[in-house]
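Dumping the structure here so I can ask a few things about it.
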Amino acid sequence: MTVAPILEIRKLTKRFGGVTAVDGVDFTLADGELRCLIGPNGAGKSTFFNCLSGQLAPTSGAVHLDGHDISGWPSHAIARLGVGIKTQVPSVFDGLEVRENVWLAARRRYNAREAKERCDELLTRLNIQSLAAHMVGELAHGQRQLVEIGMVIASDPRLILLDEPAAGMSRDEVARLAALISEIARERSLIVVDHDMRFIRMIAETVTVFHQGRVLIEGEVDKVLADAMVKDVYLGKQVV
Amino acid sequence: MRARRWRLIGFLALLLGGVAFAFGFPAFASLHATIQLTNALALALFALSLALVWGFGGILCFGQAAFFGLGAYAYAIAAINFGDTTFAWPTAILVPAAFAAALGYFMFYGRLSDVYLGVVTLTVTLILFQLFNSTAGPEYRIGDARLGGFNGIPSTPPLNVPFDGRAYLSPESIFVIAVLVLLAALFGCLWLLRTRFGRVLVSIRENPLRAELLGYDVRVHKLAAFTIGGGMAGLAGLLFAQNVLVNPALFSLLYTAQVIIWVIVGGLGTLVGPILGSIGLQYVMAWLGTLGWINPNLALGVILVAFVLFVPRGLWPLLVKVVTHGRRLVRGNGTS
Amino acid sequence: MDLAAILILQAVSTVATLVIISIGLAVIFGMMRVINLAHGEFIMLGGYTVFVATNAGINMWVAMLVLAPLVVGVIGIAVERLVIRHLYGRMIDTLLASWGLSLFFIGSITTIFGNTTTSQIASPFGAVRIGAYSISGYDIFLVFMAMTIVAGLFVLMRFTKFGLLTRGTMQNADMAAALGVNPGRIYMVTFGLGAALSGLAGGLLAPLSAVLPTMGAAFIAKAFITVISGGTAILFGTASASALLGTVNTVATYLTTPVLGEVALLLAAIILLRLLPRGITGRFLGRDL
C-alpha cells in the first residue's frame, strides 16, 4: 500500500560561501511516517533541518509540503502550514511560566478556552503539571526539553521535526521520551535527528544516513545500522 | 483567585485614587504647580510609550523623541489651521503612528539587530532635529502655520472645549484631562498586555526564534507595537505642546536621552516604574536647576552610567522586591 | 566642465570627511560590535584639545595631529577601564553606558568652558580655483588625511603583531584567550585607538566648525549611519559606505539644501539596510578589515 507523501524534497542544496553543507538531497516522507536522520557531526543534518523549518533559505532545490513549495518561506509561514519544530538548542520562553509557554503554542491555532484546555491536557500527558507555575528558565535541562516538546505538539501539527530531542537527558528520561515519541507517531508524521543510537533503535523503523551533505543510505533501521559503510562513517573512515 | 482579587483591588485603588487626585490637586496646589505637573504628566506618558515599546516589545528604540516631536508639531499645525483643537487630537496621534509604521516597516522587515535598530532610530531623530531647525524661512509653512525654524511655533494654542475654538480650557481642566489620558493609556497598556497580541509580544521579547517557530509573525507584532508606541508618544507630544510650545528641541538628544533614562531608572519591563521614574526625575532635575552649579547633562550622564552599572533593573522592581520580602518577613514572624 | 570637476572634487571631499568622522567609531564597532554613542563627544574633545593648545601658544599642526589624538586616546582608555570593561557581553548596557558618558562629557565641558567659545580656529589654507569655481585647500588636505589614515590602519592591522592579535580577538575572543592573548588588554587598546582616531577627527575638523560642547551632535548622525551601513569590516566597510553615502549626500546637497542632503543620506542608508541588514560587508565580504 502506498501512502501519499506529506513531504517531498528534490535536489535540495545549501551552500555557505565555498562550503556545500547540503548537496542535492532527495528525500520523501510518507504521511504518518516516522523517520530518523543520523550521521556524523558536520554531515549536514542540522542544515537540512533548518532549510525545512525556514531558518535558512536553500540555495537551490524544492521542498514540497502538502503540495506547497515552501523553499524560502519564512519560519512562521511554514509553522502555520502545520509543522512543529524543536530546535537543537532548546528554544523556550525562559522568562515565562511553563503553563504560558504551552498556552502560547496552542493559542496560535485555538481560541482562548480551547488553548487552556489543550494546555492542561498536555501538561498532564507530559507529567509536568506540577511545574505549571514555574519559570521555564529555572527548570532542569531535561524538563525544559519536555516543555519544548509540549509546545511543539500543542498546535496539533501534521509534521513534527525534532532536532536531537534526547540530548542531555538521563537514561530514564530517554526511555520515557521514546515512549512519548512512539505515541505521537501514531497520529502524525515525524522526522527525528539524533546521535544516540540506543534512542534511535527504540523509536525508529526507517533511517536515513547523512554523510558529507548527501544521503548515504536509507532503509530499515536494523539493516542500515548493520551496513559496513555506515559503520565506517561512524568510525571516522573515509568512504570512497 | 487571590491574585486576581488583589489585582482588582489594585486597579480600583489606582483608578479612584487617580480621579480623586485629578480633581483634588488643583484645588489645593498653586496654579504654577498645577501647570508644572501637567507638563510632568505629559512627559510621563512619553516615558510610558517607550516602556511599552522597549520593555515589552523588546524594541531598542533610541528615537522615541521623534514621535513625541512629530505629535507636538502635528497638533500645533492642525490646531492653527482648523482654529479648533478637536481634530488636532487624532492628527497628533495618527501622524507619528504613520511615521512609526513606515520607519518600522524598513527596520523590522529588514530584520535589523538591536544595535542597528537603536542607531537608526536615534539617527532619524537627529535628522528630524536638523530638518525642523532649517525651516526658518517664511516659505516653510503648512497652511496658516509657519514652522519657524529654530524658534518653532511659539503661539501653540492650548486645548479648547470640543468644537468651540474660542473657548480655551482652564489649566485646571487641562490638568484633569492629562491625568485621565495618562490613566487611560496605562490601563490600555495593561489590557493590551493581557490580550493574545500582548502575550505574543512578550514571548517575542523572550525568544523571537521560538515565537516564529510557533507560527507567529515576529515582524508584524513588532511593527504593531512600534506603531502603537509612536501614537502614544504623539499623544504625549500633544499634551506637552498645548501646555508649553513647539520647537525643534523636542527632537533633540536631550529629550531622547531623558526618556531612556526615565525608563531605565524606573525599571525596564514595568509600566508603573517609568511613569514614576519620569515624574520623579523631572522634579529632581528641576531642583538641581535651582542650585545652578550642576549642569543637567552632567547629572543625567552620571545617573545613566550609575544605573547601568549598579541598578540595571531599575528602582521599581527593587521596590517591589523589598516590599514583598518585607511582607514575607512580617508574616513569618507573625505565624511562628 | 568646471562644474563637473568641482562636483567630483566636492564628492571626494565629502567622502573623505565621512571616512574621517567615522573611522574611530568603526574601529570600536568592528571590535566590540557596539556603537560608541560617546563618539561625537570624543570628536568634541579633540576639537577642545586643539582650542586649548593653540590658545596656549602651541603650534596648530602639533595640536591637531599629535595632541588631539593623544589626549582623547588617553581619555578613551580611562573610560574603557572605568566603565566599559565592566559591561562586556552586555551589548545594550554598553550602548547605554556610552550614551551616559556622552552626556557626562557635554556637561563637564560646558561646566568648564561654558556654552560658547570665543575664538574660531582659522582654516590654514586658502581656496583653490578651478575655472569660475573654487574649492577650499583644506578640503584637499582632508582628502589626503583620510587616505593616510586608512592606509596607516591597513598597515597596522595587516602587518603588525598588534594587528594580528586584534583580528584574532575580533574573530574569536575565547580562542585568542586560550592562546595566551589577554582579550581585556586588546579591547582596551582598541578602544583607545578608536578614541584617538575620533580625537584626530575632532582636531582636523576644528578649523571647519565652531568648537562647542554640543558640536558632536552635528557629526554623529552621519558617522553612525556610515558605520552601520558599512558593516563590521573596519576599513572596507567604512570606505565603501562612505563612498556610497558621500556621493548621495553631495548630489542631493547640490540639487537641494545641505539638510535635505543629509535626509537623502539617511534614506539611502535605511533602504540599504532593508536590503542588507548587516551592512555592505556583512553580506558580500566576509572580511575583518
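Each chain carries a letter (A, B and C) given by its place in the written order, and its residues are counted from 1.
Operating definition for what follows: a contact is a pair of C-beta atoms (placed from the backbone, for glycine too) under 8 Å apart; a residue touches a chain by one contact, two chains touch by 3 or more.
Bear in mind the structure is a predicted one, so any value in this text is a computation, not a measurement.
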Original post:
Which chain's centre, taken as the mean of its Cα atoms, is farthest from the centre of chain C?
Top reply: A
Subject >> Innermost chain by mean C-alpha position >> reply: B
Subject >> Separation of mean Cα positions, chain C and chain B [Å, integer] >> reply: 32
Subject >> Distance between the centres, which are taken as Cα means, of chain C and chain A, whole angstrom >> reply: 48
**OP:** Would you mind pulling out the distance in Å between where the CA atoms of chain A average out and where those of chain B do?
**Re:** 44
Subject >> chain B partner contacts - residues on chain A that touch it in the complex >> reply: 53, 55, 74-77, 79-80, 84-85, 87, 91-96, 100, 103-105, 107-109, 112, 151, 155
Original post:
Where on chain B does chain A make contact in their complex?
Top reply: 196, 199-200, 202-203, 206-207, 209-218
Subject >> Parts of chain C lying in touch with chain B, wherever the complex brings them together >> reply: 33-35, 37, 83, 86-87, 91-93, 95-97, 99-108, 110-111, 217, 220-221, 224-225, 228, 257, 259-260, 262-263, 266, 269-271, 273-275, 277-278
Original post:
Quick one: in the complex, what on chain B touches chain C?
Top reply: 60, 62, 103, 106-107, 109-116, 118-120, 122-124, 126-127, 130-131, 133-134, 253, 257, 260, 264, 295-306, 308-309, 312
